[in-house]
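For reference, the structure I am asking about is given below.
Chains: A, B, C and D, in written order; residue numbering restarts at 1 for each.
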Amino acid sequence: MALCRSTWLSTLFNKAPTIAASAFSRCNFAALIAFSCLYIMKSTEELSGIAQQVRRDIVRMVHAVNSGHPGGSLGCTDYFVALYFHILNHRPDGFDMNGHGEDLFFLSNGHISPVWYSVLARSGYFPVSELATFRKLDTRLQGHPTTHEGLPGIRVASGSLGQGLSVALGAAQAKKLNGDPSIVYTLHGDGEIQEGQIWEAAMYAAHHKIDNIISTIDVNGQQIDGPTEKVMSLGNLRAKWEAFGWTVCEMEGNDMAEVLKGLTHAKSLTGQGKPIMILMTTSMGKGVDFMEGTPKWHGVAPNDAELANALGQLTETLGDY
Amino acid sequence: MALCRSTWLSTLFNKAPTIAASAFSRCNFAALIAFSCLYIMKSTEELSGIAQQVRRDIVRMVHAVNSGHPGGSLGCTDYFVALYFHILNHRPDGFDMNGHGEDLFFLSNGHISPVWYSVLARSGYFPVSELATFRKLDTRLQGHPTTHEGLPGIRVASGSLGQGLSVALGAAQAKKLNGDPSIVYTLHGDGEIQEGQIWEAAMYAAHHKIDNIISTIDVNGQQIDGPTEKVMSLGNLRAKWEAFGWTVCEMEGNDMAEVLKGLTHAKSLTGQGKPIMILMTTSMGKGVDFMEGTPKWHGVAPNDAELANALGQLTETLGDY
Amino acid sequence: MLNFEITGSNDTRSGFGAGLLEAGKRNPNVVALCADLIGSLKMDAFLKEFPERFFQVGIAEANMMGVAAGLTIGGKIPFTGTFANFSTGRVYDQIRQSIAYSGKNVKICASHAGLTLGEDGATHQILEDVGMMSMLPGMTVINPCDYNQTKAATLAIADFEGPVYLRFGRPKVPIFVPADEPFVIGKAWHMHHGKDVTIIATGHLVWKAVEAAQQLEAEGISVDLINIHTIKPLDVDAIVKSAAQTGAVVTAEEHQLIGGLGSMVAQALAVHQPTPLQMVGVNDSFGESGTPEQLMKKYGLESQDVYAAAKRVIAMKK
Amino acid sequence: MLNFEITGSNDTRSGFGAGLLEAGKRNPNVVALCADLIGSLKMDAFLKEFPERFFQVGIAEANMMGVAAGLTIGGKIPFTGTFANFSTGRVYDQIRQSIAYSGKNVKICASHAGLTLGEDGATHQILEDVGMMSMLPGMTVINPCDYNQTKAATLAIADFEGPVYLRFGRPKVPIFVPADEPFVIGKAWHMHHGKDVTIIATGHLVWKAVEAAQQLEAEGISVDLINIHTIKPLDVDAIVKSAAQTGAVVTAEEHQLIGGLGSMVAQALAVHQPTPLQMVGVNDSFGESGTPEQLMKKYGLESQDVYAAAKRVIAMKK
């Protein structure tokens, strides 16, 4: 059973698949030696190509229903692609809620569901064609991610901000109880960090030495009402997380090579008694020039002309859904 | 109209009352020049004497109803006495909910109501005899402080932890809107700081440059289930508050001279664009040897023998209620 | 006559925004707070006019409720603004202790209530807010039905002393309440007198109830139509009197049946005037993504559903 | 026969503590979390026996609910423990999204519910928790009446798949449920059959209802007595059948009347079987400090109050 059904993607890019030794190193979890893993690592260029397609998916999805959140989704696309196509040790074709022996990902800022849905579909969790149902009646691709409709890849609902870190910490502790050495990843918006529950969770993680978690904050400097600095300044984010007992890394989130380096580095810091936080600098709306660096496109869909303009800036690498 | 009806207390200690120039300096608030203030400053020894009496009140109150929280109350007695008998510019005999032109105090860790009730009564907010009604049916001295029964001196209910800082910040901002230069004080338990709402409020205060607030944390290192370090470590508290943009002071909370110095120093730091936090080290149960330094007496009342033992360690300076 | 002229169409939240601006002009003590949703709450006009009386709190709703409580202590009249779920469930204990139990003059103003916010889906579609707020002693709970009524309600609560929960929605809906219709907190608006069946509706369901009533009257069924804009304190008198006359009651609301207006009417009837009742509302289910119209249909909140409930309850009469 | 032998006296929270320990022994996936109230929740024995399966979260209830949701993802069965107000109102949105809507197998265990926690007063005396939890789709809500029933309920919910709210109290109360009485979630316990009046009680009020029923029976009034330990899903069948037989219903609970068991019974009756109803509960008021006994008396939750309600409702029968 392949951990990641991406051979066809590699083929698309005409690159020879390479075996990722690092993936094997995490497979010493007894119960899982059974499904030994052929993990296909992709080159940075391949990943960037996938990211182009994901960005096309995002703008097409929100345009089709005239609702949804393109800004944050576009900014976090490189992170999602790196995570799902390179970093995660996961099983897209045999989704199991408990995820024993798999790395887990939790999206706390649930409004950027478009990027997650696209990456989940493109990495094999469900048919790419289902992206066309986003936010439509009876869809499994609800406006905000949910387990309620049984969409593979989702392990908890989000949308109400500030809750995902706590959930991920529980999942990480369950892994420890189960003797599962996998890693739990989370993503948060920078505005989301204003929620008090985040700081409750931060304190909890350090106290319980939860060192199998790698959290990332999408530091795009924007939230709905404007720049974070003006709405509710986060001050010195590194100092805050360090004071709360986390190991803090920084990473440029819109440069695929940097993202890969940053996530790989963070991985090397797990198991050292401290939770890990990556402050990821991104540009909201990245990849579509008129959406970049402004909160205007936080939760607004492009009209037909804007869609055409956006698609003109993004190469179709894997075929539109 | 006297700002503080404490001449009789000073008399008790046979010390000549001194006029506090500092009190006048805060009285430039137009609407209040009317009630110009004869503020009586007391010596450190006088204040320590009052603290002895307050500690007697505390153990007697909780003993009488076999419920309530003596530990934190005893630890914070010196702070309360210093605040109400020396620092606050307030009107005990004309309680006004809005408190225009007065300094305000908010108790966020409402379970230590006994010390607050004693100090309120002893500084003239209501008859000392009413302390005997603590936690009894139909009392104004509810288990946790409330405005619901109209007790003078209380401006918001507390008891559910973590809410008081937010309320105080709103009151401080109202003062700014009203052109009232008075100061708002708050007290919090160290365990209480684990609540996320505290950190929401912390961020808000820094962002809005609320510099007319002086908060204090009772760092007694204890909470209900044991030492804070074991239950949920607060880590580096100074670093946390500094990272959240506050000016941080430290103060020994069971030394009256130090408390006076600490609060006076904090006052000198107001008006500089930053909220002020005092980390106050105390010993839980201070003043009653068998209650000291343990969480055991967080919320347990002494029996008859223990009461006698406790009272034997505390001088009756102002007359028991 | 059941002849309510539709004078336009607008969202109730815009009625709130207009009312807030007007309240701010009338009373300098009116202040506003928002948790990173200024545009959604239509608070822009107030912010522009009174920047120094506006407090941005970011995404920190619990803190917002506390700060609002504190502002009252300086004599201010704070209006908080965020979505309805973050105005209630996210901050219930804060409202309970720092506002309701403390008797603070805070106006909790909540947008995007119910299913009709549409595509965002269940995490945002609170259907329990009226129930939560109504259980709080001392809380006044208001759910107006159109732009004009929401604006009037906003002005009325600014003048009212005490904590208030004001609930409104996202989509444009018909405007049919006369702009000069007085808004009296706690007093039901008896929209039409009839003798065969009582229909009691609140919020977006009032217009659906009007449509249902028109259809029923066209069939010769006489409808007593009551607009309950104030759910707490409930106008029990109006309800019980009407039930006594018609002997059959329908309630209609954009809320869970458990804990909503229907449950409060059921209680009032059972105690004072046991009467057959049929309730229109969401039946113990979360919402989901879809257009407001699709969702109202799927979850049984259309005028057809009110009509059908009326027919059912009439059949229950002895 | 209304002959329930009192076999002792203990607090329901101790029944929870004993049940939790036992559940932990039976199933290694059972884990527990507590927010700085181990002793109050009687979780000490579990902690001692299974330290590695116990998670102290400090005073951070919102985080506790999230962590519990996350633990289920690794196949654990988490029991959270804190006071009832901090188990519900403080964390409603967290429960709603991360537990109820996400369908997580979390057991929310809540002590010190209602007035009977006594001296701590209103901020701690939640009277709205049952209403809040019952509005949540997919939530099971249980309010047992004595030590034995609470222990049995704790064991039952450990075996049940899905989110559960388990409510219990602080003071010692009579033990009268047989230790071997089976606990079936969702099934009312029909304690006594009668024909003149139905009394439906939950939690601490069940014993008060037994006393009231004894008094009524002594006067020749035949009482149908139903113990509703599971408030959601409500055993509507049992209630409607009983109401059809007696034609008069009384409900009794340590909760606000608005949103509580009484309101759910009123809804069920109005829709299925309109019947006169009298409700015993707290009437739109906060609690206060006092002994449990004083408070039950002052707020009208004594057996005398149940008795009087029965007399009133019988008088309402045509």
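The rule is short, and it goes like this: a residue touches a chain if its C-beta (ideal position, glycine included) is under 8 Å from a C-beta of that chain, and two chains touch if they have at least 3 such contacts.
Since the structure is predicted, the reported quantities are computational estimates derived from the model, not experimental observations.
Farthest chain from subunit A (centres taken as the mean of C-alpha atoms): B.
Between the Cα centres of subunit C and subunit D there is a gap of 30 Å.
Chain centres here are Cα means. That of subunit A falls 41 Å from that of subunit D. Measuring from the averaged C-alpha position of subunit B to that of subunit D gives a distance of 38 Å. Listed for subunit B are residues 146, 148, 157-160, 194-197, 200, 203-204, 207, 232, each touching two or more other chains. Shared interface positions of subunit D, i.e. residues touching 2 or more other chains, are given as 57-58, 60, 62-63, 85-86, 90, 93, 96-97, 101, 122-123, 286. Taken as a graph of touching chains, this assembly is complete, with every chain in contact with every other.
Residue ranges of subunit D in contact with subunit A, taken from their complex: 31, 52-53, 55, 57-58, 60, 62-76, 78, 93-94, 96-98, 101-104.
Those residues of subunit A lying in contact with subunit C across their complex are 65, 67-68, 110, 135-139, 142-144, 146, 148-149, 157-162, 191-192, 194-196, 223-225, 231-232. Here subunit B touches subunit A in the complex through residues 194-200, 203-204, 206-207, 232-236, 239-240, 242-245, going by the rule given at the top.
Interface residues of subunit C, counted against subunit A in their complex, comprise 34, 36-40, 56-60, 62-63, 85-86, 90, 118-124, 286, 288-291, 294-295, 298. Of all the residues in subunit D, the ones that touch subunit C in their complex are 85-86, 88-90, 92-93, 96-97, 101, 122-123, 127-128, 131-132, 134-137, 232, 256-259, 262-264, 266-267, 269-271, 274-279, 284-286, 316.
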